[in-house]
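Notes for the one structure printed next.
In order of appearance the chains are A, B, C, D, E and F, and numbering begins at 1 in each one.
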Amino acid sequence: MGKFVTLGEIMLRLSPIGYERFVQANKFNVFFAGGEANVAASLANYGLDSHYVTKLPAHEIGQAAINEMRRFGIKTDYIVRGGDRIGVYFCEKGASQRPSKVIYDRANSAIAEAKREDFDWKKVFEGAEWFHFTGITPALSDNCVEITLDALKAAKEAGATISVDLNYRKKLWSTEKAGKVMAELVKHCDVVIANEEDAEKVFGIKAGKTDVTEGKLCDEGYKAVAKELYDRFGLKYVAITLRESYSASDNGWSGMLYDGKNYYKSKKYDVHIVDRVGGGDSFCGGLIYGLSSGMDNQSALEFAAAASCLKHTIEGDFNMMSVDEVMNLMKGDASGRVQR
Amino acid sequence: MGKFVTLGEIMLRLSPIGYERFVQANKFNVFFAGGEANVAASLANYGLDSHYVTKLPAHEIGQAAINEMRRFGIKTDYIVRGGDRIGVYFCEKGASQRPSKVIYDRANSAIAEAKREDFDWKKVFEGAEWFHFTGITPALSDNCVEITLDALKAAKEAGATISVDLNYRKKLWSTEKAGKVMAELVKHCDVVIANEEDAEKVFGIKAGKTDVTEGKLCDEGYKAVAKELYDRFGLKYVAITLRESYSASDNGWSGMLYDGKNYYKSKKYDVHIVDRVGGGDSFCGGLIYGLSSGMDNQSALEFAAAASCLKHTIEGDFNMMSVDEVMNLMKGDASGRVQR
Amino acid sequence: MGKFVTLGEIMLRLSPIGYERFVQANKFNVFFAGGEANVAASLANYGLDSHYVTKLPAHEIGQAAINEMRRFGIKTDYIVRGGDRIGVYFCEKGASQRPSKVIYDRANSAIAEAKREDFDWKKVFEGAEWFHFTGITPALSDNCVEITLDALKAAKEAGATISVDLNYRKKLWSTEKAGKVMAELVKHCDVVIANEEDAEKVFGIKAGKTDVTEGKLCDEGYKAVAKELYDRFGLKYVAITLRESYSASDNGWSGMLYDGKNYYKSKKYDVHIVDRVGGGDSFCGGLIYGLSSGMDNQSALEFAAAASCLKHTIEGDFNMMSVDEVMNLMKGDASGRVQR
Amino acid sequence: MGKFVTLGEIMLRLSPIGYERFVQANKFNVFFAGGEANVAASLANYGLDSHYVTKLPAHEIGQAAINEMRRFGIKTDYIVRGGDRIGVYFCEKGASQRPSKVIYDRANSAIAEAKREDFDWKKVFEGAEWFHFTGITPALSDNCVEITLDALKAAKEAGATISVDLNYRKKLWSTEKAGKVMAELVKHCDVVIANEEDAEKVFGIKAGKTDVTEGKLCDEGYKAVAKELYDRFGLKYVAITLRESYSASDNGWSGMLYDGKNYYKSKKYDVHIVDRVGGGDSFCGGLIYGLSSGMDNQSALEFAAAASCLKHTIEGDFNMMSVDEVMNLMKGDASGRVQR
Amino acid sequence: MGKFVTLGEIMLRLSPIGYERFVQANKFNVFFAGGEANVAASLANYGLDSHYVTKLPAHEIGQAAINEMRRFGIKTDYIVRGGDRIGVYFCEKGASQRPSKVIYDRANSAIAEAKREDFDWKKVFEGAEWFHFTGITPALSDNCVEITLDALKAAKEAGATISVDLNYRKKLWSTEKAGKVMAELVKHCDVVIANEEDAEKVFGIKAGKTDVTEGKLCDEGYKAVAKELYDRFGLKYVAITLRESYSASDNGWSGMLYDGKNYYKSKKYDVHIVDRVGGGDSFCGGLIYGLSSGMDNQSALEFAAAASCLKHTIEGDFNMMSVDEVMNLMKGDASGRVQR
Amino acid sequence: MGKFVTLGEIMLRLSPIGYERFVQANKFNVFFAGGEANVAASLANYGLDSHYVTKLPAHEIGQAAINEMRRFGIKTDYIVRGGDRIGVYFCEKGASQRPSKVIYDRANSAIAEAKREDFDWKKVFEGAEWFHFTGITPALSDNCVEITLDALKAAKEAGATISVDLNYRKKLWSTEKAGKVMAELVKHCDVVIANEEDAEKVFGIKAGKTDVTEGKLCDEGYKAVAKELYDRFGLKYVAITLRESYSASDNGWSGMLYDGKNYYKSKKYDVHIVDRVGGGDSFCGGLIYGLSSGMDNQSALEFAAAASCLKHTIEGDFNMMSVDEVMNLMKGDASGRVQR
């Protein structure tokens, strides 16, 4: 088994207990999370040789982030220590008609201010099988664009499959800049994963008549988006996650996959939400596992959909489901009966 | 902007953690709450100059009540200190078919035993724009009837709009006494707000064939109730909250408004409940904000309904939603998608 | 009122807080529970003279188990102290498509290693009106088979009504052994209670075409099962609990009762789950109360169904609902409106 | 073994977590406690047949009080249910130079408003060996004076030994009234227990030059107090607890006993405090155990002193130390080495 | 009574529960704190008209900071909203030989990046009686130096007494820069407060032979420091806090005051620590109260010392002791006896 | 740097919150701990390549134990999965005169029932520099004696230094058996570490007149013990930890080391205890670090003593102090001043 390398930020996530609002909280749950770290956690969870690459300050909060990754099986040997701060995000859980709320305080984090020379990509990608990153990493800083590009080239050279989750973050960059930078980066990728908004925001590729706030999703539109991405960037796979937000408590969730020939559509799950943050990342993790472990395309997609359905029932961003548990749901047991 | 004055009790609310029953609790969450204080909190939350008037003992638990009000922006300058105790209520959260349970221990509270001379209403209502109270306050004691009447007269004199939430509490007084006293007080009011039972219990005005334990509500019946109240007391507005209790976990929620000419009906929300106590109070708060901020009648009602829908997702009695957040739901986004 | 005696194990139940998974827990909620102790708790709760018989180590954790039983009104005078350990079970709460997970660590518990001479059954059953046990107790050890048999004989002699919940546990014994032992024990019983799987697993009596993981239950099949049990063992009543697992968060729940002449079917409840462990036990407790307190058969069944519906809303295995609360639901108020 | 009967109030004790002040608390630890109930808990803990007599409201908070007593082995069969409320006391833990703070909200409790006819003393004292009460009970109300007198007479008639802890509470009554009432009640007693202030406050018996806020205690003075009490009321024993308050975190603690002939002085313990409330009550419990179990006078006193020393290390008012644990300290092992 | 104005930062303080280290924490206690805000809290606590001036981001965490200040009586009307982030500090509590640890993440906070034109000092100081700031504020940024200077001038013009706590923070600026800037600012001050290191670090004024890590403090040295500061800056008062760190759990604490004529020395307290952060700030708060309320110099100093002694027993940075409570200790009752 | 290998058990440690007793706990803190795992944690903490060898069940609680070790940097690659259960120990924290209490439930754990063929020692010790075990491991079962012997031989062959902590556990085996087995095992060791009781209990080597419950320790006696051990087993080092138990809250702590020529005695620390369990293990960890990193003997001993002094301030068994932090104390800064 080769290395599965992920590059990105990991932040301190601070969340009020239960359904408390920020203004009434007197305790925060402490998680460590980030779009890419969440994928690395999924991969480690499935027993893959998952390595995370980032930069973290040398102080104890940075160490706590590393400890949390180690705890869940992520290898942290390539993490660079230094810089001033770890990014923070505050996350308030919504319920029913009240949306969840995320406040970012991530500017000037160690990874955002990292330098190209901090990383020895040759060593990192020695024996690598897969490289994953998201659109968040290059959005952090111009340095991070170059760092990502360095990583992409080294990954390519090492023969790794490369996947990217477009993950557009409007607070980090404009659609214009995102479009320009991502076009450059996606060129090196084999697999693109996106949700219903990303393709439009980043590349201006619209899904047709879809108003996600009304919870309706249009299949044909998404097929067109997938095809357009596939063709434009010469990819092997395009995957799209489809979320129907009935409310902050209940969502519909499914995915689709396009391999240049066929469109695969997963089972749709109606999930009663415990914590939806990291849902898309767990889809990426599941898809990478599915595709890299020799599943057929439909199975890989179903694995990804089932894995990310289950993520919605887990506190924190990291998906903590084993291959067996995902398989069990994927094979059809959604009854939730007690496992003794 | 003038003062928004509210008069009533504020109690120490003690609630087991999560869904624990009283008999298994070894910790209580500490809230401070009361039908009128909850309205004052809503108003402060919307940025209004919200003043609460009550009497609280001079000890630290009384101080903690004041601190909690200050924390959420309520002005506490007119609160009188003295008396022996703060009222207490124990509140156990229900789920599914198990109802929530409230045990009151409020007799002999400082406000119930307050005297007319404790309050300088002239000063309180200087520059007042609105005065709100509920049927609970006069139910506390005969002194409180007189205190309320004093307040009403001063409010009137100051030119404030006056609203009342009928809020019948059978543990505090009989329907007979309530009817007699409230008839006297409502005479001074401009706006009456009631839920599906209050009008009948207090004034014997029935909504026709409605069995609220079966979760069916009859529109025509409520229109008749509203009209009857409107006509009997020479009001400007009558508002009725309409709760359909599917279970302790899920409710339907909406409101109606009658202005002497038209009946307005709000959107109905199906809410998955975090904490429903204070739901009616948050409707009052929303309606007062809507009517006092120049919204049209339908909008004011929709604001009230959306605000109180959202209250059901908040722990504690105080509604902690901003004008923007309420507006967002009122305008139609009930998808609960994460706000980043 | 005579004694209601229950025999079995009581374990230390350790559960992560809320929806945390085992691997992320850093605190466990501490409960004490067991199929039979849960029934004893229900009976104590309804005001019956409920006595629990087991063996517990003389150390403080054993004492804590006794304290918890005393707290909820169970008489613990006949509990023998000694042995090395109290059984432990770890219970992780599921949500939506993620099932709850139970890990048992109960081998070599004090009760499993108890000896026949530990118990003075004559004294225990003096003045006994009812004796209840489950299929778990004899599954603990060969000693426990004999202990159960001793108890059954003494109960019979004392004129007590005897009920058994088949409760098959595949981790404890094979279907073959269970079938052989239970056939011997059930001979002494008047009432058999089973869920949809037990009759088949223990006695090979199938409910016909039912795939419980798909949430479909077939009435006719269960009638046949009930009749077969009734006839084979010469019983007075057979009751079957019917769970439809829509998900780990929502279940359908009802029961049926057969008295040799008629099949009674209870109302079906759709429950939003707080904690479903102990649901079946609370049905037994409710049925024993109903049958022993002179209710007619349909009412006894409805009491059992309502009681166990409500159990699903309680944290921990013990049902903490009073007769009045159960009656209220049984009579039709499932609205969950706040009780003030 | 005969019954050990205690009469008094049991209150809901609400305490902020750790060293939080009232004004910053958002959770309260829930205990149930009271000077007399604490003694009953000690006695139950030592394996005596400990019965508590009080009146509690029929609601769930009253039930929770009963459950807590049952949990720790107190028999609750003679507790009368009824009345409106359970007394409440708020208790903030001090540290170092900051004193602990207690706010009482106990007026109009069920026991304070109980009537003489609520209690069937003949039945209560059938087979009684000991009766204990404190100066708090008659201070609750005039009814309670009569109730206490009824109990005293019945206890005497049943041949029980009677002990009283003077326990003067200035918030409940004046020294004048206390003196008059207690003189009447103490006449029926065999054993009087007091701390350094009680004898002076209640009976005007001064310990000579002692300024307890300076932490100095004068032996000779206390001997004189003991003798005066002994002689004035014709007692068998007078015991005095001697607390030296170095700070809220550290206290010196010892006791003395006078039997009409000799003065016994216990070892003095320097205790690092976890929770000092209930310290005096645990001395009473220890002394009653010591005297009733046939220890010699010095040993009984040492048992009481060791027991109450250990109480200072227990959260909540109830002392949770076994006879063996107290004996171990009494015999000299104060090293606190881990018991494996 | 005039306004008491304080200028500075307020940060989100995140602390593990109890004595947990950062690397094992999975929850953080949420406090809001800062050297100057802590003083404002003390002043509000003593009933003064305490106003805090800072800049906070417009998001909910900024709002929570404001709510916390309002809760404890600080007026927040002059707080400017805007900027990107609130400063954060992580604080791990030490014990015995293990020191407490503070990690700052405060760069680029809203106040550090505030602009001179954000503040309307004329309005702020209208009717002001006192202005307090610390050496931390000008250390935040060059802008903050100018802002502080603007405030100083306006305060002077308004006739307010001005106090400064030197509070040197080596992570924020060099001793050189501190010395240069502070010399400029202290010129406008009437009262300087410093601990044993500040005068040396900021102005190179040494206390003579004192090695604070060995817990020895030299009176004569500090007198010399006070005199030197007094003379150099033409002050009215110089106060020095004297901490003897026996361990992270136990400290000696006292203060001295110099008025140009006499040296006053306070009582020395040996404190068993609950939370020592904010100890120096509470001394400032106490001194300002003492000096502004007409106490004589010795009394003002004793009030400051007693207040800050008590702060060490409070969780969080804010001192929550009332004037009465401080007076009680100041008058000599350090016994920590329960206040009922 | 070579591998540092430790062999032993790791248990689930369950502890009530704060100072709660077992019988009042309703939550347990979850730790994973064991005499040897604690040493492995110390070594990982100091940056050594620390590997733990044990056997753990394949279920999620076993996984949680592994996760916790990974979290704190212990390599878990050689841990064998299988067997039925993880050992459990319950640990109640004492205070002042109340001792801490440990209840073991470790029989039949996976490691106790492990087989020789479960471990591939050749692979484990490839490149090993140090091997550490304790007297607990062979005490678990006869299999474990052989497993330990296998490990010792392989370690020897690999050229590793071997250390043992005698750690006598009377609940696991008799002094006779311990003596016989340990004599066999210690033959292979280079370093023996013991506390004041172990040498006597295991090898009958007495320290002379020492009564540890009285808190007096005799230097000469311990020198004799060290010499006797050294000579009898042909060791390189003997170290002895010296605990003076003043109370459960305060201990004296120091160590001595004998190298065949000189006796070294460490500084003695008076520690105010947060959690003393694992104190001896952290001494072993510190000593191994000191001796293996080239410190001189006195320094290695001082490092061990300082490290284990600091352990007493950490919650849980694992010592979480860095080399720098230990060095800081070792160099003399015990002032506990805040590190900013």
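Heads up, the rule we're going with is that a residue touches a chain if its C-beta (ideal position, glycine included) is under 8 Å from a C-beta of that chain, and two chains touch if they have at least 3 such contacts.
Since this is a predicted model, take the numbers as computed values, not measurements.
Relative to chain A, the most remote chain by averaged C-alpha coordinates is D.
Taking C-D and B-D together, the pair of chains sharing more C-beta contacts is B-D. Work out the mean CA point of chain B and of chain C, and you get 44 Å between them. The geometric centre of chain B is 61 Å away from that of chain F, both derived from CA atoms. Taken residue by residue, chain E touches two or more other chains at 18, 21, 23, 26, 67, 72, 101, whereas all remaining positions touch fewer. Chain A meets chain F in the complex at residues 67-68, 70-73.
Those residues of chain E that touch chain A in the complex are listed here as 14, 21-23, 25-30, 59-61, 63-64, 67, 84-86, 88, 90, 92, 101, 103, 105, 107-108.
Listing the residues of chain C that touch chain A in their complex gives 18-21, 23-24, 94-102, 104, 169-171, 212-215, 245-250, 276-277.
Chain A makes touch with chain C in their complex at residues 18, 72, 269, 271-274, 306, 309-310, 312-316, 320-321, 325, 329, 332-340.
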